[in-house]
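Next come two complexes, and both contain chain A; in the first it sits with chain B, in the second with chain C.
This part shows the complex of A and B:
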């Protein structure tokens, strides 16, 4: 009976042949390492964010008078409410780390080289959208950190003449941060960003499959040998292993370090008449934050950051050398180390300034 | 013009018309309603602001402060930092304003001393009438 149902389903849906063609017949290069699995780990992190977000929506109230209390109630009153909230916070931070590591590994392996320029651009766009996700999620608990981080961010466009104030007012829904801002950021976080993110993720994954995985540059045997391995089980199990490592890390953090990403200002209700002293953004915004501090001109400080973001986005078209092994590109190695050092230094400086 | 070119042109014209006619309502929908309310006035007692002290107020929705400066009298300033909108704090010991977000500092008249703020704090009109200070 069961076999009959299975056969009938198979005859109509053709799942077996789909699995065979998409997983077993799909070949990946030999010598691929665990860094190749970071993309799927980022996708899993996004799925966790979506699922935990759905649960948070059940109790969260996007209104200035109720938002903070509703989040406190999720943590303290709703049975196991702390679980989706803590997962949402921890995974959002780990997701940023995973995407940064993914981008670094792609950069070091020079996998953005032709014909994969668009794959890089889509990946960097996803990174930027992830940051907007984090930022728009910031505001929702209506805490001191939410309020003042949003004040700063929505004031950034005012650095640009003519349209700056208008854009800032559109972002805020008025001259100041208010309930209108909360509604806008809530809509952005739960309704506008997810389909944009999914669309670009789809395009990114389509390109990855279409152009196939790049050959690891450091594995000389793989470069020499044209041998390729089936995606399943060769690479699939590597991905599953890394996803399990990610889950282990998530559960370690929510068990032993649940407040690691929650400073005091994130647990204090928003006060529009008091900016907390020495307020800091999340760790991934510390470098831009410090740049804002040390560059004395607002327009120049913001323009410089926009320019750096554009260089990062369009890097495959700026790096025109054909050599695909970074070990044979000493200047690029120096540039890469310098860029990372500057980013780390600004982050640490921002943290302790 | 053959039939195919005509259909292409027609589709382009109709599509552009739809996009153009929708873009205006979308922009207007997203644009905030103008409700600037800076025409209010606030009156406080002189005795509420002793020499060397500051008194925080809210004028027309804008957080502000009135300070009693030795030698300069009463000064009313907006507390909104001209850099990225955080609220400055008055430090009576150093007689300066400091922004907690990006460490911009202003003197007691609101002029920039250091840090990234591009211009001075906004000065608010102030009148002293008898025992009262009228701001706004």
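This part shows the complex of A and C:
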């Protein structure tokens, strides 16, 4: 009976041939390392965010009078409500780390070189959208941290002459952070960003599949014999392993460091009349935040940031040398280490300033 | 592409520097515009009282206030003394409700604007009656100080302070009557802080504790030890309700920890299985 159902389904859906062509016949280069799996880990992280987000939507109320209480109810009243909320917080932060590591590994392996320029651009766009996801997401609990960190960030566009105040007003829905801002950020977080994100992710994954994985530049075995292995099980198991490691890390943090991404100000209701001492944006915004603070002219500060973002986005078109092994590009190594050091230093400075 | 970038850099830098150099108003606007997290409130009272034009004894007032429980709870100068701290010229205007320093006998009314229950009980007490009849009884600042007001606790009742006016016998009986309840309040407060550190919102429990504590301490201001002993059971009952909620929260936290620890183990186990499985495939 079971065999009949299976055969019938197979006859109509053709799953076996799909698995064969898409998993077994699909070949990946030999010598690929675990850094190649960071992309799929990021995708899984997004899936977790979407699923936990749906659960949070059941109880969350996007109104200044109810938002904080509804989040507290999710944590303390709804059965197992703490699980999707804590997962949503921890995974959102780890996801940013995974994407940064993914970008770093792509940069170090120079995998953005022709013909993969568009894959890099789509990836950086996804990174920027992730940051907008994070920004819009952390206003939603309507806590002191949400309120004041958003105040800082929505002040940034005011540095643009002429249109600056207008842009800030569009973001906030008025002169200050209010219920209108909450509604806007909520709509952005759950309705506007996801379809844009899915579209670009689809394009990114299509390109990855279409252009195939790049050959690792450091692998001597690959140079000697450009052997290719089937995606399943060779690479597939590597991916599953890294996903399991990611889940282990997520639950390890929830068990032993439940408040690591949840400081006290995130657990205090928003009070527009009381500016808390030392309020800081999230860690991934600390470097740009500190850069703004140290550059006295705000317009220059924002121009520089836009420029840096553009350089980052269009990097494959700026680095036109054909050499694909970074070890043979000492200047690029120095530039990379310098950029990373500046970013780390600004982040630490921003944290402790 | 490189040329586009170089042009873009040139345009942005040029625009920045031209705005920065030639438009003074614009420069000022962005150079000095405060950012959300760095905003500092204007307070004319503090500015003036901290400056050298003020007499030494008045300068100390702001220093003492900054160490106080009022400061920690954002109770500002004008909340007690009236006036307008945001407008230097009108800060001491009677039109803006400026009261200034109250007379000795007016201090209870002055503090009682906020501490209503305590004022009522104090006025009915021996302390309050002495002040009203002779003008020499102890008022609020006798025990709590005027600006360096600390979070009230049972240690305020001590031999040194009470024997300034009378013997310690009655005060000691009162302290004993308060002891168990005060300790319980302190323990619950500490547990709520622990719970808060674990990421649990305790605002509602804090409010409940605060109102119970305020009611209990208001009762103390009658300085009637018999009445305190008589009502202690009511307060203990209220405190037990909060205590039960705290214990339930800790139990829930333990469950969450165990649950996620279990999931950690499951995923670590799965990682090992997948790793071993992939090794067999390599072979």
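Rule of thumb we're sticking to: the second predicted complex is superposed on the first by the 353 of 353 C-alpha atoms of A that agree within 3 Å, B and C clash if a C-alpha of one lies under 4 Å from a C-alpha of the other, contacts with A are read in each partner's own complex, and residues count from 1 in each chain.
The rule is simple: a residue touches a chain if its C-beta (ideal position, glycine included) is under 8 Å from a C-beta of that chain, and two chains touch if they have at least 3 such contacts.
These figures come from a predicted structure and were not determined experimentally.
Student: Overlay done on chain A, so just call it for chain B and chain C: clash or fit.
Tutor: Chain B/chain C on chain A - steric clash.
Student: Applying the document's definition of touch, where does A:93 land relative to chain B and chain C: first, second, both, or neither?
Tutor: In the superposition, A:93 touches no partner, neither chain B nor chain C.
Student: Check whether A:353 is in contact with chain B, with chain C, with both or with neither, and answer first, second, both or neither.
Tutor: Once the two structures are laid over each other on A, A:353 reaches chain B alone.
Student: Tell me the contact category for A:274 with respect to chain B and chain C: first, second, both or neither.
Tutor: So A:274 meets both chain B and chain C here.
Student: For A:169, using the defined touch cut-off, is the partner it touches chain B, chain C, both, or neither? Pick first, second, both or neither.
Tutor: In the superposition, A:169 touches chain B alone.
Student: On the A-aligned overlay, A:152 touches which partner chain: chain B = first, chain C = second, or both, or neither?
Tutor: Once the two structures are laid over each other on A, A:152 reaches both partners.
Student: With the two structures laid over each other on chain A, which partner does A:72 touch: chain B (first), chain C (second), both, or neither?
Tutor: second
Student: Look at A:296 in the shared chain and tell me whether it touches chain B only, chain C only, both, or neither; answer first, second, both or neither.
Tutor: In the superposed model, A:296 contacts both chain B and chain C.
Student: Would you check which partner chain A:258 touches, where first means chain B only, second means chain C only, and both and neither mean what they say?
Tutor: In the superposition, A:258 contacts chain C only.
Student: As a test of reading the superposition: which chain, chain B or chain C, is in touch with more residues of chain A?
Tutor: Between chain B and chain C, the winner on chain A residue contacts is C.
Student: In the superposed arrangement, what residues of chain A touch both chain B and chain C?
Tutor: 148, 151-152, 155, 274-275, 278-279, 292-293, 296-299
Student: Under the touch definition given earlier, write down the residues of chain A that touch chain B in their complex.
Tutor: Touching chain B: residues 148, 151-152, 154-156, 166, 169-170, 172-176, 180, 272-279, 289, 292-299, 301, 353 of chain A.
Student: Can you list the chain C residues touching chain A in their complex?
Tutor: The touching residues are 1-2, 5, 8-9, 12-13, 15-17, 19-20, 26-27, 30-31, 33, 35-37, 39, 41, 74, 196-201, 203, 249, 252, 256-257, 259-261, 263-264, 267-268, 270-271, 274-275, 277-278, 281.
Student: How about chain B: which of its residues touch chain A in the complex?
Tutor: Counting only chain B, the residues touching chain A are 30-33, 35-36, 56, 58, 61, 63, 83-87, 89, 99-103, 115-118.
Student: Quick check: in the complex, which residue numbers of chain A touch chain C?
Tutor: Chain A reaches chain C through residues 72, 75-76, 82-83, 86, 148-149, 151-152, 155, 158-159, 161, 233-234, 237-238, 240-241, 244-245, 247-248, 251-252, 254-255, 258-259, 262, 264, 267-269, 274-275, 278-280, 292-293, 296-300, 303-304, 306-307, 310-311, 314, 317-318, 320.
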